[in-house]
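We just call them A, B, C and D in the order they show up, numbering each chain from 1.
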Amino acid sequence: MIKAGIIGSTGYAGQELVRLLLAHPEVEIVWYGSRSYVDQNYSDVYGNMFKLVDAKCLDDDLGRLSEEADVIFTATPQGYLAGVMSEDILKKVKVVDLSADFRLKNVRVYEKWYGIEHKAPQFLQEAVYGLSELNREDVRNARLLANPGCYTTTSILSLYPLVREHLIDPMTIIVDAKSGVSGAGRGAKVANLYAEVNESIKPYGVTTHRHTPEIEEQLGYAFMAGEADAGEGQQNNFKIGQKAYEEGNAGGNALTINFTPHLVPMNRGILATCYASLTGKYSYDDIRAVYERYYGDEFFIRLLPKGKCPETRWVEGSNFVDIGFIIDERTNRVIVMGALDNMVKGAAGQAIQNMNLMFGLEETMGLRLPPVFP
Amino acid sequence: MIKAGIIGSTGYAGQELVRLLLAHPEVEIVWYGSRSYVDQNYSDVYGNMFKLVDAKCLDDDLGRLSEEADVIFTATPQGYLAGVMSEDILKKVKVVDLSADFRLKNVRVYEKWYGIEHKAPQFLQEAVYGLSELNREDVRNARLLANPGCYTTTSILSLYPLVREHLIDPMTIIVDAKSGVSGAGRGAKVANLYAEVNESIKPYGVTTHRHTPEIEEQLGYAFMAGEADAGEGQQNNFKIGQKAYEEGNAGGNALTINFTPHLVPMNRGILATCYASLTGKYSYDDIRAVYERYYGDEFFIRLLPKGKCPETRWVEGSNFVDIGFIIDERTNRVIVMGALDNMVKGAAGQAIQNMNLMFGLEETMGLRLPPVFP
Amino acid sequence: MIKAGIIGSTGYAGQELVRLLLAHPEVEIVWYGSRSYVDQNYSDVYGNMFKLVDAKCLDDDLGRLSEEADVIFTATPQGYLAGVMSEDILKKVKVVDLSADFRLKNVRVYEKWYGIEHKAPQFLQEAVYGLSELNREDVRNARLLANPGCYTTTSILSLYPLVREHLIDPMTIIVDAKSGVSGAGRGAKVANLYAEVNESIKPYGVTTHRHTPEIEEQLGYAFMAGEADAGEGQQNNFKIGQKAYEEGNAGGNALTINFTPHLVPMNRGILATCYASLTGKYSYDDIRAVYERYYGDEFFIRLLPKGKCPETRWVEGSNFVDIGFIIDERTNRVIVMGALDNMVKGAAGQAIQNMNLMFGLEETMGLRLPPVFP
Amino acid sequence: MIKAGIIGSTGYAGQELVRLLLAHPEVEIVWYGSRSYVDQNYSDVYGNMFKLVDAKCLDDDLGRLSEEADVIFTATPQGYLAGVMSEDILKKVKVVDLSADFRLKNVRVYEKWYGIEHKAPQFLQEAVYGLSELNREDVRNARLLANPGCYTTTSILSLYPLVREHLIDPMTIIVDAKSGVSGAGRGAKVANLYAEVNESIKPYGVTTHRHTPEIEEQLGYAFMAGEADAGEGQQNNFKIGQKAYEEGNAGGNALTINFTPHLVPMNRGILATCYASLTGKYSYDDIRAVYERYYGDEFFIRLLPKGKCPETRWVEGSNFVDIGFIIDERTNRVIVMGALDNMVKGAAGQAIQNMNLMFGLEETMGLRLPPVFP
């Protein structure tokens, strides 16, 4: 049994890790970390875990935890993990970080968008960006895994094949995304009260949301990898693109997007509606063939039949990403839509998928849950 | 592998059977029955099952199905199963009926509350009422299993120990129940449209809801069993009470309740708030001890700590029933509250729990799912 | 124009006062009081008021406000108004208090249920309990108006005729009430976050909710008034009952209820489902005639046609109370159901209805808004 | 008093007309038309109208109604009004049509997008497109008023000044829109059941939604009018643009958009998030000045302060449109966001605003309702 510790187990993403790991046949949770609820029963914080978790919340002593666990999941505020990370820890334990601390390779970009100093830039190159389907080989060998954001997972997976194959103009991408409220976390804020969120939809973080550079960087790699391999098909190693991206300084200019998130009155789910101009006249079948080539064998990516659009209700509670697309001949744009559960494939589920890869387990272990409806 | 067929697989309860059986290690679904969607892909009817179920809907040919399956689940309208049931079928296959056709022992009561003629009264005595925790031994030997209603499961489990032990006056019981909308089924009715249900709560079926006689009958058995065994503790065999109930004609008068269901704007969940006058001065600990004696070892019944009340969010997606109670010294009443997921313990989950018992499997197999929150 | 000041204008009830008073032809708001948002634009706190309210929030200086206003509405935490009330203020201005400070006549009862010392018990006798329909004459002459609670308005209006006419046993009353989330206020608490409240129903304050003694006191008056006038019909003056209630010390024992509130995932609305044993065999028409006699001429009380039950969606945004009842011959109980909008008839609307009476205006002025659906 | 008849009064938009007209000081409703509920009490169809509307539903006899009414509102399915319209009717009564029958000037465009034959193309030129703020003068003189769609009102008002002033490239416009469920109407469809819509967001009608050509036509006029008047500022007469648009055949090619609607789990509200590339380097203040020039004096259009984005909760129940915009210097795009209540400014409210203009009443009469929150 793999011993897992969770730092930040009382946030929504942390609790979802608990839910999924309880059902994982090869993992045992040894540490329920929580800064706010130390010494309280975990099941007093989350009543669903009553009689399932008989443990008290512990503090976030990463050092001690690294002695006791085989893997640590950090579902913590931005900056926390970078502030405590060390070579010593990584020698003892694998770390799957659900925060943004090690997602962006460029420390200046991180500091600009997040507004805080990065305390451990020396690990940025080593950290592996854990979009499992696109970066599988590197994930297997990772010590430090940067688990992608929820919006970014949806957006990147939706657009990746088109960008990689240069089927769309990388300067025309617009991602209009919609998220359930659990993505905002469990903090007590007026803006997230029931009566404020219910019966309303609102945009937020327009032009400034922090998932923007993450999407741009990863799609930038894909675009540069496309340059490099000129359509040889899927190469799960982002490094080709990453190298080209960095060398050329081109990526930063080559692909710039508009990303607009919206808050939707529902608990879970992300829908990304992505627009881009096609670089030529492509038929549905042309595009379909590309998606099939990249994703046809992926268990967690479901390419919907022609004419069907994703809906968040069909993925809730599961690790699936549903993707559909429609070509508008009038404007020669493609509209690609992706849907996932922000708590699962957008956070805890993908973290466990990465953990499975890192420990040589079957990638889907503990994650083959059918979506829950209604 | 047990071969399971589902008649009515495209209703909400039927779909929940599919979800749960897909994750059951010892069951294979061989028949997706649906009168409305014959020949359509199941995953076109329920998009969550895309890539998980590769089957078309079949008609409801019970005869043919009884040749192909080991167990048949019927999630059908009232009257359907009674209209087609035969000794021939029961010789070939076990049947778990999620409709009300075989729940009430007295055919006159059935015909009065349901307003239809019962076409197979000869099976009423044989049919076993599948409140798994209370009737476990008979369930193991059942050929025809009457799976209880969602409101009834909540209400009976909440009140059973108090009635059985004569701690409450059986003529003072009031059950004020609240249900999510999935309980109303997937039929296209104006009353169940989003904009009609959302932002509203309403009572319905006041004094006339069909779960009333079901609760009264089963609690009547419990009361008469209490007479008989005078407090010897839990006896899972309802038959003692049933016999006394029927012989004395007393039960029908001995326990009469008010039951009022309400529709709540949420997908899943039932909460029953039950009121009754205590027959003496009992302390919290007195009552607690009784509940512990009856339910202390039950996996799916969670007795909440003192002072905690059930909330439907903590059981969603799981087979748990959460029960809490509070004594009001001012009125000498006890308020018992029970919560469960109407799709799981209130329908498909309990059906599978009963199937497990009927086939000699571990009772909780495939049902140990932690509740999903938020 | 009547000059109105609002202390606590940035809570939900305060904001509803603003919404309704903006549409009132005889009122001008001169003071937007708010402890938390002093000096901020009111429309920055409530975006719906953008371009409608061009004012900044002021502090809660009751003394200064009493110089500038003709009427003060206090939508403040319990204890605030009692802490600052004085004869000097009441000489200058009429006060409509939406808090509980002056609702209960008995200071000991207040201090027991609210757990705080009452700082101005000398005004308790003078304060008029503003259930407008039942206490109209006294309201007209009030200087200090205690505006009833939301649950209490629903419960008392639902049961009043039955209690007053001794048609139900006063010791058998059970009120199972359900409320939307706005009743919980705008405070930033984890328990009221969207993802905590959504998709769940829960009971709270079981046996301990503070509206219990308020309902008991007012229905106790009604019961004693019934003793006194022995069925002479409606007398809007509670004082008969109040006197008898206090003299006899009987009321406290004569009528004791169970009151159980529940939180429902919706913004607005209260539904009270009330149960009581009838004192004789009464037909629907018997009971109907009594309700007609008491409420037949009331604009804001809508007695629903036979067989219809109230639903909160039909009163949302309006000052209406919808009442329906059903007699259960099996148990000889009556189930009375009342529904209203907790923000309007349960708070701000009734406050304005009382203000209209206190200033000699037409009682329904500014309040004839049709309910908003869907 | 103006006598108003409503054909289709039992749909959601029809009911909203009733709600608003009941509060209108100069209108009396004389005809509650409804094909489905003839002879039933209106208040049995909509319980909120109990005791407010004492009338039975009548059939949809437009001829008879034209004798009895001064104005007829038609909230009917596409094709109905075109099928019964005649010069005779228009000689007797003014008609405000909430369907799409007379919105598109080009009958071929109508027949292509709606898939039905247009039965009264001879009235297309006369019909006035009732976007009140943009077409005020023509509305005053209209006999036949084509009331705009809900999505179109939001989209056109959001983008109009930018298009008219040629500040954005008309071939880069993308409108990603989100709507509450009331927009889908009261028809009994599985897709609109509570449990299907709740906890989900989905796109629909991608590239094919019928509001697309309506937006394109009106913005096309604006663009051509901009050509014509070269920035002389607001001219409420669309005819300039319309003429240029038609003569040049240019409009159809000059402005083509992507429009993607989404269904959001809420009762009311539309949010349109609009993207377009700026034609030059414009500052926030540049753009702001243009919006102020066009909309600064409009009562129902609220230009939000810099940095604020619209949220549907702030307009619910009112006739307001809230508009905000943000410039993204990285991509040189502007993101304009508009929010309104689809039942009010998106349907019944705008219809009454137009009626006010057509009858020489104050434009805002009966429509100055503050938004209802929460």
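Please note the rule applied: contacts are C-beta pairs under 8 Å (C-beta built on N, C-alpha and C of every residue); 3 or more make two chains touch, one makes a residue touch a chain.
The structure displayed is predicted, hence computed values, not measured ones.
Minimum number of contact steps separating chain B from chain D: 1.
The chain with its C-alpha centre at the largest distance from the centre of chain B is D. Taking each chain's centre as the mean of its C-alpha atoms, chain A lies 39 Å from chain B. Per-chain CA centroids place chain A at a distance of 49 Å from chain C. Multi-chain contact residues, meaning those touching two or more other chains, occur in chain C at positions 12, 180, 182, 195-196, 198-199, 265-268, 311, 313, 316, 374. Listed in rising order, the residues of chain A touching chain D in the complex are 171, 174, 176, 178, 180, 195-196, 198-204, 206-207, 256-258, 260, 262, 264-269, 271, 273, 275, 309-314, 316, 326-328, 330-331, 333, 335, 337, 374. Put simply, chain B touches chain D in their complex at residues 12, 180-182, 186, 188-190, 192-199, 265-267. By the touch criterion given at the top, residues 12, 15, 18-19, 22-23, 46-52, 182, 199, 267-268, 302, 304, 308, 311, 313-318, 322, 368-374 of chain B touch chain A in their complex.
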